[in-house]
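There are two complexes below, and they share chain A, which is joined by chain B in the first and by chain C in the second.
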Partner chain A sequence: MAAQRKVRSDKYTELVNAGLGRDLAKRLGLPQPAVLRRWTPGAPLVQGPILVVGHSDGADAVATALLSWGQDVRRHATPKEKVGAVVLVLDELAHPDQLSGPLLEVGAALRDLNRNGRVVSISRQPGAGDAPETAAARNAVDGIMRSLAKELRAGATANGVLLGGGTAVNAPSALSALRFFLSARSAFVDGQFLTASSDGSPATPDWDRPLDARVAVVTGAARGIGAAIARTLARDGAKVIAVDVPAAGDRLAAVANEIHGTALQLDITATEAGARILDHAAQRHGRLDIVVHNAGITRDRLLANMDPARWDSVIAVNIGAQLRMNQAFLASSHFADHPRIISVSSTSGIAGNRGQTNYAASKAGVIGMVRSTAPLLAERGGTVNAVAPGFIETAMTAKIPFATREVARRLNSLQQGGQPEDVAEAIAYFASEASAGVTANILRVCGQNLVGQ
Partner chain B sequence: MAAQRKVRSDKYTELVNAGLGRDLAKRLGLPQPAVLRRWTPGAPLVQGPILVVGHSDGADAVATALLSWGQDVRRHATPKEKVGAVVLVLDELAHPDQLSGPLLEVGAALRDLNRNGRVVSISRQPGAGDAPETAAARNAVDGIMRSLAKELRAGATANGVLLGGGTAVNAPSALSALRFFLSARSAFVDGQFLTASSDGSPATPDWDRPLDARVAVVTGAARGIGAAIARTLARDGAKVIAVDVPAAGDRLAAVANEIHGTALQLDITATEAGARILDHAAQRHGRLDIVVHNAGITRDRLLANMDPARWDSVIAVNIGAQLRMNQAFLASSHFADHPRIISVSSTSGIAGNRGQTNYAASKAGVIGMVRSTAPLLAERGGTVNAVAPGFIETAMTAKIPFATREVARRLNSLQQGGQPEDVAEAIAYFASEASAGVTANILRVCGQNLVGQ
Partner chain C sequence: MSSTTSANTAASASETASKAPQGIRKAVVVGGNRIPFARAGGAYAHASNKDMLTAALDGLVARFGLQDESIGEVAAGAVLKHSRDFNLTREAVLGSALAPTTPAYDLQQACATGMEAAIGLSNKIKLGQIDSAIAGGVDSASDAPIAVSEGLRTILLDLSRAKSLAEKARVVARIRPRDLSPDAPSTGEPRTGLSMGEHQALTTAQWNITREAQDELALASHKNLAAAYDRHFFDDLVTPYRGLTRDSNLRADSSMEKLARLKPVFGRSLGDAATMTAGNSTPLTDGASTVLLASEEWAQAHELPMLANVVDGEAGAVDFVHGKDGLLMAPAFAVPRLLARNGLALADIDYFEIHEAFAGTVLSTLAAWEDEEFGRTRLGLDGAFGTVDRGRLNINGSSLAAGHPFAATGGRLIATLAKMLSERGQVDGRPARGLISVCAAGGQGVVALLEAR
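Right after this comes the complex of A and B.
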């Protein structure tokens, strides 16, 4: 499937990464965002050996898993050898005093981390029954990785896998999260955590076509992030039903044709939207496996100047439609084989945003919906998660005035906007078989954007 | 007790709030941070009538409670009448469609909100058993209030009370949180939520001396935020034991004398630190009621350049000492009468910070500790909470180079740094009798600083 497109980087990033522009930026102390490595099927997982730090049995188990993936693994830093990634295994952490040794070992290895390198921690999620010192140590990892992500340069990222409940350190769900963070699929994910809340499924996926033969629907697929999602799911092997409003019919048909999928013109706020998607999927494929709720609108206005039309339309499209469609999907026998739902939220739904009370309400609403829908999906072996994009380079953000856009896209640890493909890769990760056991996550795809709660 | 000091505002804020400076800032479109109203005993709760928006029985109950506090309450906006606060009661929210009416009513009222006004929501915390549409609606409030906080100007703030479990909308714990947000005590708290996880105690406190006769210990009390905490707890009626290292003995004695408390020179990392505090408290007062873990240090360095001494000392002082002292306190019969523990965390412990992996580890560790210690305090009718200060104007932050400091202090919705007293007021709130039922909260005191997860 030749759906892979040349990844665009913004002009500034191109300028400061070659020739005179690079020299000039260095001399003037200007931001020098790196050109991020993006994933393509068949490319190596990381660029260089992987150093596994940690002395628990869990660290050995992780090293074994990495070897089974054909990776070059080190258990101790080799002087002057560059590494592609550092994996920090802290599964037995019981007191903050135990952080010192492994963290100083990571620190020493950072000088030898390759461009676009990776640091990934694996540790246990703090839980209600933890002793105070254990909970302190476990939560300390959060502060460490978010700080480290702000220190790394040259396209390198720092993220963490959290083992929920009794999840084993080398459970399929934990390893799939580790693999996502190590890979170039997570290029624009930085300073974030994924929780593997149960062990997941032991099936070994085809890592180059993890969605083979799965049937996926993507709303808002005619352009931007939605089109990128459709292309990425198709690249990963899925049969894609591309949904958008009738007014976007031509673009929608073009996307569907390009990826050998089908187009379905639909107003997602219509009462029968869920039923129509199910009918389409059942007739064509006999099933529906993956739902991506991507369609969304903005109608910005300060709350003091808000009107009912702006408020209601944003709520109806961005959250009301998802709630109604999910009800239809969950009532259907065609959506029953370890299904996946992935919603697109937004950093505005987490941090709020001036002029966007309605939009932030809808995107925070998505987060509430995802968390409470997880038990309903678990009943049928499925998962539901959300991605929260930050500043993504799309036709929509291209309309933002230059100066505002320049500031917005530099306000993250990677000092650049993300690509629609970055959001799509995170969604494809949640959609894959390997991510069973990874549910109720809200994953920011934002380059560690400054904005937060 | 004449411990109240003149609140400093930074020079820029003074400049743009009077005469020529004000006109100039307006013309140039420069930030015009408001001079925030701070609390003094006896001052009115809010400046103007309080508009209660919402049509549930809960809204009526909240209005009744406000009347019982002697407030001037409106159930409908009166044309052209200025209001001091808007309270938005959404306790019966069950679907995102129900947000439109009350939020548009709030929006219309914003034009008549006084300077230093308040918008406070009261809604239910999303829970595991919620239906998806209920969870969506409840979590939508989070996005709304955080957005609204970014829209308000002139020192006005927007915050929310979350009712956990079956907490009643007019439970003492919910009303105490509402009162804190309405009052000038919360001047630098913006875009935040407090969870009232149980009803709390029905005792009616003396709102001007809520800590009367309670015995409090404050670590790191010789200066800065710690000294402000000691003064504020004393102003609220507490008998304060001021703790700091021997090297700060003179300053410590001065603070203790000023507030008619006692000084205790102590290295908090010593094994016997907890026992010595308990002995001191038992001998002087026969009891210990309130513990404020404020003492903390920074030893900044990129992780790549970190050394064991820097790492270990920060962990030992900022988290190790708190864990060990809490063990001693919780084992003591002198710390048994609905006790309170309040720890000082940091926005760096939530968002991470470049050069502060060790500090962020310790401050994130504090958050983990607080959450897991809550059940241990609940057993004896107590609570444990943390405050997470953002940029606060202290001798420490005054050393930051001018340009960096100017940027840092404007990067929040109130466009200014907070005062040590603002952190102290939040701690006094958690310490008070009225806050029974408010536990395991991490309250940011940061003016809605941009930095987040």
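Right after this comes the complex of A and C.
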């Protein structure tokens, strides 16, 4: 019954996407945010053919994979033919001089890119062991894609897949990252990279129910982004244990009943929180596969005016609880079947935010935790990643004063706020079987916010 | 379904069950859910019985993942009930997340409604007629039905039968001003005209229960309930509702001094001997509770916990009309019968849950059991029935603190006791035992015996 909730655009976006408002915004040079395409089961992956640019064996392998997904693939642009996506394969890049050919080919194709189109690069991750010219070329891709993302309009995005170590260009992990960026699941992800550090699982996933029969726990699931995560994981087939503080129990019960999950009222800062989640999961499902650390609080105050209660509660809920619960999960035999941990960080933890030293400490702390937990999970075939949401339209951001809110939501390449579902889709991507081999990533879901990386 | 056969069940049946009919199986308490209880006219002033019972059911469904589940039978009731709510429980089921194919019935035994619902359903499970059940109760003193006067009611019914205009005019002409005053429900006993409090005041005085002893019991109830909330005992027993997260009658900061300042409200005809105040009597309360019961096989097949067995139950009544016994003293007789049938004495019980209609009710019952003459002449024993270890009595608080929405109290007690027993586990190599005693209007009482799994 996990009904798809209609995703609403903000009023300004509605205004400039029809009739008089559209003409007026165009003439005045006002921002013209597009109505973003969101994923629904059964909808096509992209809207139109996919142009694969690149002449390596890797490019051929990617084209073959896209064909196997039933996509309409072009190896050369046909003038005047609209395309849904451009995939730029640069796996053999060795010198910056090699960039101009493929990039100019991409540039020529951009004017035929459909609304909500996609440009996705696949290239090797630069490393200290690379020859200087190779490293220069590989790192150049970073600048290219982040700039291209800012150039694209009409809901189109540009993102990149980085192949770490010896990851093959058509490895399951690389292809699953490519698929995520091509799909409407990544609607609010722009100018970002995912690193596939190993090949991952060879199993062929069910792309419509990638989490079938997996058992997931979502903290902070009673409302906002957490409720959207619970709904999305359930839609993708997971059995969801929805966790929130006892005081939010009525909303939590409503979410659990909507998605056919279970409600677990729990203060995650309690010492035994991890054990209680494990007990519940083991009793009801015999296992725990996916942990989504979403619960978080803000207690904003300039550092000059900070008090212990504000500082300590933010640290305790946003990072302390995650650290303690992870210890319990990692010690459990029920959390052993290529488990997944996904933490919700924040762009505040990357770029900083005035009045949020405590919050940014906790969210940057999450990033540190994710990176150092990755090897611990790798031992049992698991992954740990984080998503860092930017401006997301929730009840919390709706309380921001109008002018501040209006500025905040336009300060990104897509010129609008994201939806809770956009964060949830990124988390569901990390949670899927196909994302084995993608670990220690921090993926921003921010429409390429102008601050931070 | 499960590996447990009826033969196994019979083989492992305890000595206490050997006197029961052959072939019956066990009925277990899986868990419970209630909404916080609210003082009348407070948070639930505009919630109907159906609203509250539906909320309590939905919280139970969320806790145990029972969405779209066909439960064997749901039984619940309300003491104060609108005539339009003739199918209250079935209507609540239809409004809940349970499968619409779940049958339900209403029952009513005053304050023992929830107890009788649970015992009756447990018996159906034991006999194999159903595999799962939900017992519940709800009451709203805020949204109580108000009827037209008996005179007006008769006239209105005659009017509906009148055929000609002249006949109708003659019927209408019979209406007198006194007929227009509404008829609100009262807690008065129909046969004595005395309120429940006035009845108990007589019993309290008869057993020489002091004001101080009553206030001490009330204070312990508040302290124990507050402590249970503070250690998160109710996290998996209560789901918030309409902004309330704890019982609104709870006064964690109550003290003997504060209680001592209250003036007597019942038994004022007794003059200086009056001892019953608003502090040591339960207030009018709104609320709802539910308990999930099941066969062992059903609980195992659904991967649900089993907290306690419903061992046995007993109803009783006294002749209060002719003053032979106090209105609320029926449990003083029912408990000895129940324990005798199960070969147990008071000393064999690890937890007592004695409903605190009034502090005086609990203390009068305990006094009767400790009284040699009462034991000999009324219970037919050799001496006193026995002493209740006060350290085992209502250790997580009871009705004086939580409040008492009449029909909902039984469900609160059963779920609370079942969890306590489950946490206690074994005592001296045998399952922990708990006793529940609930007095009810009409000189009745229902008591039950539970044991840990």
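Throughout what follows, the second predicted complex is superposed on the first by the 450 of 453 C-alpha atoms of A that agree within 3 Å, B and C clash if a C-alpha of one lies under 4 Å from a C-alpha of the other, contacts with A are read in each partner's own complex, and residues count from 1 in each chain.
One rule holds for everything that comes next: a contact is a pair of C-beta atoms (placed from the backbone, for glycine too) under 8 Å apart; a residue touches a chain by one contact, two chains touch by 3 or more.
Source: prediction; values computed, not measured.
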| item | value |
| --- | --- |
| Fit or clash between chain C and chain B when superposed on chain A | fit |
| Touched partner set for A:285, first chain B, second chain C, both or neither | second |
| First, second, both or neither for A:139, with chain B first and chain C second | first |
| Touched partner set for A:302, first chain B, second chain C, both or neither | first |
| Larger contact residue set on chain A - chain B or chain C | B |
| Touching partner for A:260 - first (chain B), second (chain C), both, neither | second |
| Partner chain in contact with A:233 - chain B first, chain C second, else both or neither | neither |
| Chain B versus chain C as contact partner of A:248, first or second or both or neither | second |
| Touching partner for A:451 - first (chain B), second (chain C), both, neither | first |
| Shortest CA-CA distance between chain B and chain C [superposed frame, angstrom] | 23 |
| Chain B and chain C contact sites that coincide on chain A, given as residue numbers | none |
| Residues on chain B engaged by chain A in the complex (per definition of touch) | 96-97, 99-100, 103-104, 106-108, 110-111, 126, 128, 130-151, 191, 302-308, 311-312, 315, 319-320, 323, 326, 348-357, 359-369, 371-373, 375-376, 444, 450-453 |
| Complex contacts: residues of chain A adjacent to chain C | 1, 242, 246-250, 252-254, 256-257, 260-267, 270, 283-286 |
| Complex interface listing, chain C residues touching chain A | 55, 58-59, 61-65, 67-68, 97, 232, 234-236, 238-241, 245, 303-305 |
